[in-house]
Structure formats: structure tokens, C-alpha cells
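Shared between the two complexes below is chain A, which has chain B as its partner in the first and chain C in the second.
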Partner chain A sequence: MVAQLLLNGTITGLLIALPALALTITFGVLKFPNFAIGSMLTFGAYSAWIFNRLLNAPLPVAAVLSAVTVAGVAMLCNFLVFSRLRDRGSITLLVASMGIALILENICRFAFGNATRNFNIEIARPIRWLGLRVNQEQLTIVIVVLVCVAVIQFLFYASPIGRAMRAVADNPALAAVRGVERNFIANVAWALAGALVALAGVLAGLDRAIDPLIGWNYQIPIFAAAILGGLGSPIGAVVGAIVIGITEELSTLVLPTNYRQVVSFCVILILLLVRTQGLFGGKALRK
Partner chain B sequence: MMDGAANSALSVSGLRAGYGGGGDIICGIDLDLAPETIMAVIGPNGSGKSTFVKTIAGLLNTRAGEISVTGKNIGNLSPAKRVAAGLAYVPQEANIFRNLTIRENLKLATEFLRGRTGVGPAQEMQVLSMFPEITRRPKTLAGNLSGGQRQMLAFACALLANPEVLLLDEPTAGLSPKFVGETMEAVARVRESGVTVLLVEQNVSAALQIADEVLVLVAGQKRLQASAAEISKADLAALFFGKAL
Partner chain C sequence: MIAYLTTLIVLVSVAALVGLALNFQWGVAGLVNFGVVGFVALGAYTAALLSPPLGWVGGMIAAATLCAIASTFLALLSIRLGDDYLAIVTIGFGEIVRILLLNEDWLTGGALGIPNIPRPFVSLAPAGNYDVVLLPFALLLVAAVYLVLETLVRSPFGRVLRAVRDDATAASALGKPVLLLRVKAFAIGGAAMGVAGSLHAFYLTYIDPSQFTSIITAYAFMAVIAGGRGSNTGLLIGAGTIMTLIEATRFLKDVMQVIDGAQLSALRLGAIGLGIVLLLILRPQGLLPEPHRRAREFFPTEKGGQ
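== the complex of A and B ==
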């Protein structure tokens, strides 16, 4: 029972890891918490649903097209809203992201209504392994997330663009006088964040039915994971997400399952009181 | 554009700049800097020296005036595009990326030159050999370096970009006397490698030892531009206290 909960929690955590990573990328480069992260996830799930159900694309193709679509939408939001407000401070950007969240969520609600929807995939038998039950969707989540984290890690630590993103996160003025255009890096950050969140939306749509609130259900755990890992620390976001996922699952041993998000609230509360920099983000948050 | 700008490494004409909606901090400065020279910019605290170089680097918007590097007007370019025009800037503080390693700092110095070519492999070896202390530990986080070592790393990064003009904002601030000497020697070697240097410095005597020319700023205005060999300490003292020569 506990082992199954640990497994489920790890997989839930991995699912949260992608948007937490996206949140921490935009926070690192742009210095504000993007409140539209949940709505972008919803948008990703619905756009994949369109490609998969309405245009009959296989789900992997639909997922890639959805990632490209949401990356484009994120860059458009940056062009229309965030880049114009960049010098107004993080609170203004946070409020603007709340507005974007409402717009994206209501576009989905207006277009698709409140009915739940599912991807067109074959139902497969779960695998039994050492007494644990693992379904195909969970395996897909593990593989996709691990590949994405490896790609992001490579991008951040072994490519010029990644170095430039870390440089802008560290010291934007110095990055500018080293030839790094902040607008270009901001666009890259938004595109990456959009793609990651869209993929998370697809994975969430595999895990549960798609509805206009699918992203909102993940919003608090995403923030808890990113804050726990230390906003601005990519590895921290992944570790934080897994810790949140496991803790939420284990909490169902003592709490009704619909109260599991209380755990995320408690983690945020404790961190804000005790360790504001999270597990890995000392320097990033203090700056 | 002013006469001689085309032959100057750095040319500034009628430059005005300030912060936010406040008044001008830089009040109409002109200067022409010949190639391969060091100009020391000195003046009392608050005279606008750092603001002056920040404006040339593009970190502060120009309110009026022109800036050109080797004859090319860069006044309307972003800081990143000024790098492509041949400008390198080493700020007084926060002049390295603390969360990147030494190697990453050095790599980044040449990765975003936007069409401009950084130094070649031979020159790169030459630049790095000027700073053996930092090149010995490439995997060290730059934030763990001492003040002097950070300064050296910042220098190295600026030089790897193969600039025409190097702007240095108080490179010896907060350094021990040993590092002050080493830093000034490094600046002199930079000039010998063909780079023009605009050096903002509070340590006037150290700056005068290596400078070819001196620009004295008082209250955001140019009070004097002269050869370093011609200017006396008495003249400088008079200028610092607001007297005309």
C-alpha cells in the first residue's frame, strides 16, 4: 500500500515537474511568478485534444504540435503583454499573468464548454511489477518527463543559449553588455515554458479527463514544487515536484483524498515561514 | 558628428544622460579618444564618472548627443548591439556571472558577439596567460572568487570579445594594494594589445601612472581634457575643488 502510494506520488511529482520547471525558467529570467501556468497547461491539453481528436493526429504528434502551439501562444503573450510591462516590476507582471490566465481558461471554456474530454488512445492493461500496479499512462509520464528534464539540463548547462539564460537570470545588465539580448532570451524562456507546460497538459490529460479546470488543479502543487525547490533552480523544481507528489499521495493515508492539496498549501506556508529560498535556490531568491 | 570622430576610437559629442525623470547627471560632454590610448576619467564622488561610462555602454538612455566607436554611431543601439560595434564594458560591481563557472564566464564572453569575431585561438591563449590565477581553476564558481580575481576574470571576458574600446569602471575599487598594482599593469598591457581604454578611477595617482590622457569631470561637466604628462597634482586638486585653471 505504502509502496504503491510512493510510486504514484513519484509519478504525480514527475507530472508536476514539467510545469514547475517552466515556472522556474520564467521566474529565473523574468523575475516574476507566472500565475498563468495552470491555464497554459489547460490550453496545452485542449490544443493536443484538437490535434488528436478533431484532426486525427496520433497522440505523440498531437503532443508535439500542442507544444509548438503553446510555445507560440506564450511568445505572443510576451510580445503583447509581458515585454511591455517588464520595467513596471514583478507585481505588475504577476497581475498581468492573472489576466492572461483568465483569458486562456475562458477561451477553452468558451470553445469547448465544461464537459470533460479524453484523448483518442487505446486502453491498455496495467503492468504488475513486484506487487505494484503501473499503468501505461504512468510509464508514458515517467519517460516523457525524464527525457524533457534531460533535454532541459543539457540545454541549460551545455549550450550557449542555456548559458545565456543562466547569465540573464544571474545579472541581466552584465549579460546585455556581453552581447546577450534580453528580449531574445525572454522569448526563448517563454517558448520553453510554453512547450513544457503543453506537454504537462497532455500528460495530465492522459492521467485524468480534460476540463477547463484541469490546469487549476495543478496550480498550487506547481507553485509549491517550484518554491520548495527554490524558484530559479531547475533541478530544485524537479526534486521539489517529486517531494510534493509523494507527500500528497502519502497524505491520503491520513486525510480524505480531496484534501491532498492542503499538503501543498502547508508546504508553501512552512517554506515562507522557515526557508524562503527553498531547498536549492538560496542565491536565486535572495537576489 | 564632431571633427576627427572618424579617426577616433571613441567619440562622444554633446552627451546628456540621467536617471528616470530626474535632471541631467551628464551635462553635455564631448571627447575624442585616439586609438590605443588610455584615458583616465577622474573627478570627485558624484561627478558622474560611472554614469558617463554606463551611458556609453548603453545601460542608461542617452537624452542628447552622439556616441561613436571607430566612426560608427552607436548612440541608438542596445547594449548588446554595441558589443558588436566593438565596445566592451567592465562594471565596477557585479562584473562577472556569480552562478556560472569561470569557464562558462569565459565561454559566454565570445558566444554572443553578433557577427563580430572574438579573439583567435592564439590571442585567446595570450589573453588567458595574462590571468593565470583564474585559468587554473576553470570549474570554480565565479561567485567564489576574491574581489581581485573577479576583476581579472571580468577583464579576461572583456578582452576575449576582441574590443576596439574597453570601458573600465573603477577596476581597483575595494582591492588590496597588491591587486591595485596588478590591475593597473593588466590595463597597461591591454593598451599594448591595441585596445583603447576609457578608465574611470578614484585612485588618481594609480590611474595617472598608466594613462595617456586625463578627463576631469565635475558635476557632470568636462572640466579638463589634457595629456596625463602635462597635468600636475596641484592642477587636479584645484579642479576637484571647483576652481578653474
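== the complex of A and C ==
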């Protein structure tokens, strides 16, 4: 029973890892928490649903197309909104991201209503392994997330563009002096974040049904995971997400399942009290 | 028609109270609160639960006090860190309040809510026409909160808050207790949200969790941005305009038959989001910019003196 919960928690955590990673990437480069992350996830799930159901693309193709779409949407948001507000401080940026969240979420609600939807996939029998039950969907989640994390890790630490991103995150002025174009890096960050969040949307849609609140339901766990990982550390975000996933799942032993988000919130509160820098963060973002 | 106007004015009053509160927290003190709806709901439920034993005055005071305590708690946890943390904690708070209201049936009645909330001054109202009392009550409440907050904004306390908002380091270097000032400002705003929540409860006499959605937070932000951050008068104009426009979309459904109720509410919220983004980009100072009090006297050649 506990082993099954641990397994489910790890998988839930892996699912949260992608948006937490996305949040961390944009936070590192742009220095504000993107509150539109949940809505972008919803948007990704619905755009994959359109490709999958209305245009009859197989789900993997639909997922890639959705990742490209949301990456484009994120870059568009950056071009239309965030790049224009960059000099006004992080408060203005985060209020603007809330505005964008409202727009994206309600585009989905306007177009698709509040009814739940599902992807067109064959229903597969769960696999039994050492007495544990693993769904095909859960297996997909594990594989996709691990591949994404590996790619991001490689991009960040073994490619020129990753080096440039870390440079901008560390010291934008110095990076600019060394010829790193900040706007270009911001666009790369948004594109990556958009793609990751869209994939998370597809995985979330596999895991449960798609509805306009699908992303919103992940919002608090995503932030909890990112803070736990120390806002700005990619591998920290992944570990933080897994810890959050397991904590939420284990909490169902003592609390009603409706209280999962409360658990994430409590994790945030405890972190703010005792260890602001999270598990992996170098320094707290003190004023 | 009179009944409809009363409804509209009471709705505007609730929105104006929430807006005034957010304007104090965000506009004057620079503290973002994404959990506005949580505080309003907390106020409404406290008033609903405590008005029967304590009377409506007691219920309202309890609502304001409890919201102020919750605000203090959240502010103490996060204000010493960056702005981002307060935003994250408050958005979480809003969601947690909703979950608790839905699930703690023994106290809140769960999804069914709380019926038969007692109203203020019922004995004064002529039979079957409570609006005659409710309308002035709502307006007086807005006027009272406006006066209190405006006095605070004009007082030395308000001046220090603006200083902290514009440059916390400088204010701190001048010996101002930045953390304490911020916590106080956040708590005062929270108390005003509690008052707004209790007016909401008294008006509807029946509350359930579905009345407290993130729409309330979105309206408040729109009202503050539209009215002009830091300007209470601007806020009243902003809140009035926004709520009237929003209410007017009710009639849109009659004109555009193809749109159903869910789509209409999505359209409204999406429009609010668009409005927030556009105003931030195009007119960040709002309709009625915060007055730069007496700055010109000191810097006659410069505009504003920032």
C-alpha cells in the first residue's frame, strides 16, 4: 500500500517536474514568477486535444505540435507583454502574468466549455510489477519526463546557449557586456518553458481528464516544487517536484484526498519559515 | 428597475470595498495580494457564523479582525523575502480557503453554504422592502472605509508606506521599520477585505463557496489598475466603471443568442485579463494617477519630483 503510494507519488512528482522546471527557467532569466504557468498547461492540453481529436494526429505527434504551439504562444506573450514591461519591476511583471493567465484560461473555457475531455488513445491494461500496479499512462509520464529533464540538463550545462542562459541568470549586465543578447535569451527561455509546460499538459491530460481548471489545480504544487528546489536550480526543481508528489500522495493516508493542495501549501509555508533557499538554492532571495 | 439599480449599487459597493483594500496593500504599500478572494470569503463566513450570536456589529468586527490576523500571519512569513513570495503565498491562501470551505462541512456547510444570515437594521425597514435600508448601509460603509483609508494615506503613516514602496532600502536607511510598516499595511488591507466580505454576506443572506471565485481577485486588480494605483478616489471611479461594464455584459446574452452562460463568464474574465495587461502597458498610472502630494512645492522645475 505504502509502496504503491510512493510509486504514484513519484510519478505525480515527475509530472509536476516539467512545469516546475519551466517556472525555474523563466524565473532564472527574467526574475519573476510566471503566474500564467497553470493556464499555459491548460492551453497545452487543449491544443494537443485539438491536434489529436479534431485533426486525428496520433498523440505523440499531437504532443509535439502542442509543444511547438505553446512555445510560440509563450514567445508571443513575451514579445507583446513581458518585454515591454521588463523595466517596471517584478511586481508589474507578475501582475501582467496573472492577466495573461486569465486570458489563456478563458480562451480555453470559451472554446470548449466546462465539460471534461479525453485524448483518443487505446485503453491499456495496467502492468503488474512486484505487486505494484503501473498504468501505461504512468509509464509514458516517466519516460517523457526523464527524457525532457535529460535534454534540459544537457542544454543548460553542455551547450553554448545554456551557458548564455546561465550567464544572463547570474548577471544580466555582465552577460550583455560579453555580447549575450538578453532578448534572444529571454525568447529561448520562454520557448523552452512553453514547450515543457505543454508536454506537462498532455501528460496531465493522459493522467486525468482535460478541463479548464486542469492547470490551475497544479499551480500550488508547481510553486511548492520550485521553491523547494530553490527557484533557479533545474535539477532542484525536479527533486523538489518528486518530494512534493510523494508528500501529497502519502498525505492521503491521514488526510482526505481533497486536501492535497493544502499539503503543498503547508510545504511552502514551512519552507519560508525554516529554509528559504530551498534544498538546492545557493542564496535566499532576500530583499 | 429600482431593485436592479439597488443590486448594482450594492455589488459596486462590495467591489469598491475590496478594491480600496487592495489599493491600500498594493497601490500604496506595494504588496501584491493574489489571494483577495480568500480574505473576502473568510470575512463573509466569519460574519455569517458569528452574526447570530454576536449581532451584526460583532460579526463584522470579528470578520475584520480575523482577516487582519490572517494577513499578519501571511505577511510575517513572506514579506521579509522578495515580493514574489508574498504573491505565491497569497495565491495559495486563496485556494486553501476555498478548499477548506468546501470540505469542512461541520463549520461551513460545505458546498451547501450557510443560509439565513441575519441582516443589519431589519427592524427599520418597511415590510418587504429591505433595499431602503441596505442601500444607504452599503454606501455608508464604503464612505467610512474610504475616509479611514484616505486619512491613513494622507497621514505620516501613509507617507512612510509610499516611501517604503518606492525605495525600501532608502526608507530603511532613514530608520523606518520597513517590515513592521509592511505587515501593518497588509493587515489593514486584510481587515477592509473582511468588511467587504461581511457586506457580501449581509446582502445575499446566503453564502456558499461558489460565490467566491478568483473573479473577485481579478475585478479588484482591474479596478485598482484602472483607477490608478495609490489613488482612493480613482479607485472608486475605477470600481464603479468596471462593475457597471461587467454587469452590462449580462444583457449581451440577449443580443448575442449564440453565447451561453459559461461562455459569457469566460468572455468577461478573459476581457478582464486583457484589460489588466493593456492598462499595464498603455496606461500604468490609471485613469486618476496617484497625486504626488506637495512634491511640486519642493521641486518647482521638475514634474512630480521623482
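Just so it is clear, the second predicted complex is superposed on the first by the 282 of 287 C-alpha atoms of A that agree within 3 Å, B and C clash if a C-alpha of one lies under 4 Å from a C-alpha of the other, contacts with A are read in each partner's own complex, and residues count from 1 in each chain.
Keep in mind that, in the parts below, contacts are C-beta pairs under 8 Å (C-beta built on N, C-alpha and C of every residue); 3 or more make two chains touch, one makes a residue touch a chain.
Values in this document were obtained by computation on a predicted structure and should not be read as measured data.
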item: Touching partner for A:Ala96 - first (chain B), second (chain C), both, neither; value: second
item: First, second, both or neither for A:Leu250, with chain B first and chain C second; value: neither
item: First (chain B), second (chain C), both or neither touched by A:Arg109; value: second
item: Which of chain B and chain C A:Ile121 touches, first, second, both or neither; value: neither
item: Which superposed partner A:Ile227 touches (first chain B, second chain C, both, neither); value: second
item: Which superposed partner A:Leu6 touches (first chain B, second chain C, both, neither); value: neither
item: Partner chain(s) touched by A:Glu181 [first = chain B, second = chain C, both, neither]; value: first
item: A:Ile50 touches, of chain B and chain C: first, second, both or neither?; value: neither
item: Touch count on chain A, higher of chain B and chain C; value: C
item: Chain B and chain C footprints on chain A, overlapping residues; value: 284
item: Touch list for chain B against partner chain A, complex; value: 57-59, 78-84, 88-89, 91, 94-100, 104, 107-109, 111-114, 143, 157, 161
item: In the complex, chain A residues that touch chain B; value: 160, 163-164, 166-167, 169-171, 173-182, 283-284
item: Residue numbers on chain C that touch chain A, as the complex places them; value: 26, 30, 32, 34, 77-78, 80-85, 87-89, 91-93, 95-96, 99-100, 102-103, 168, 218, 221, 225, 260, 262-263, 266-267, 269-270, 272-277, 280-281, 284
item: Interfacial residue positions of chain A with respect to chain C in the complex; value: 32-33, 35, 81, 84-85, 88, 90-92, 94-96, 98-103, 105-107, 109-110, 113-114, 219-220, 223, 227, 256, 258-259, 261-262, 264-265, 268-269, 272-273, 276, 284-287
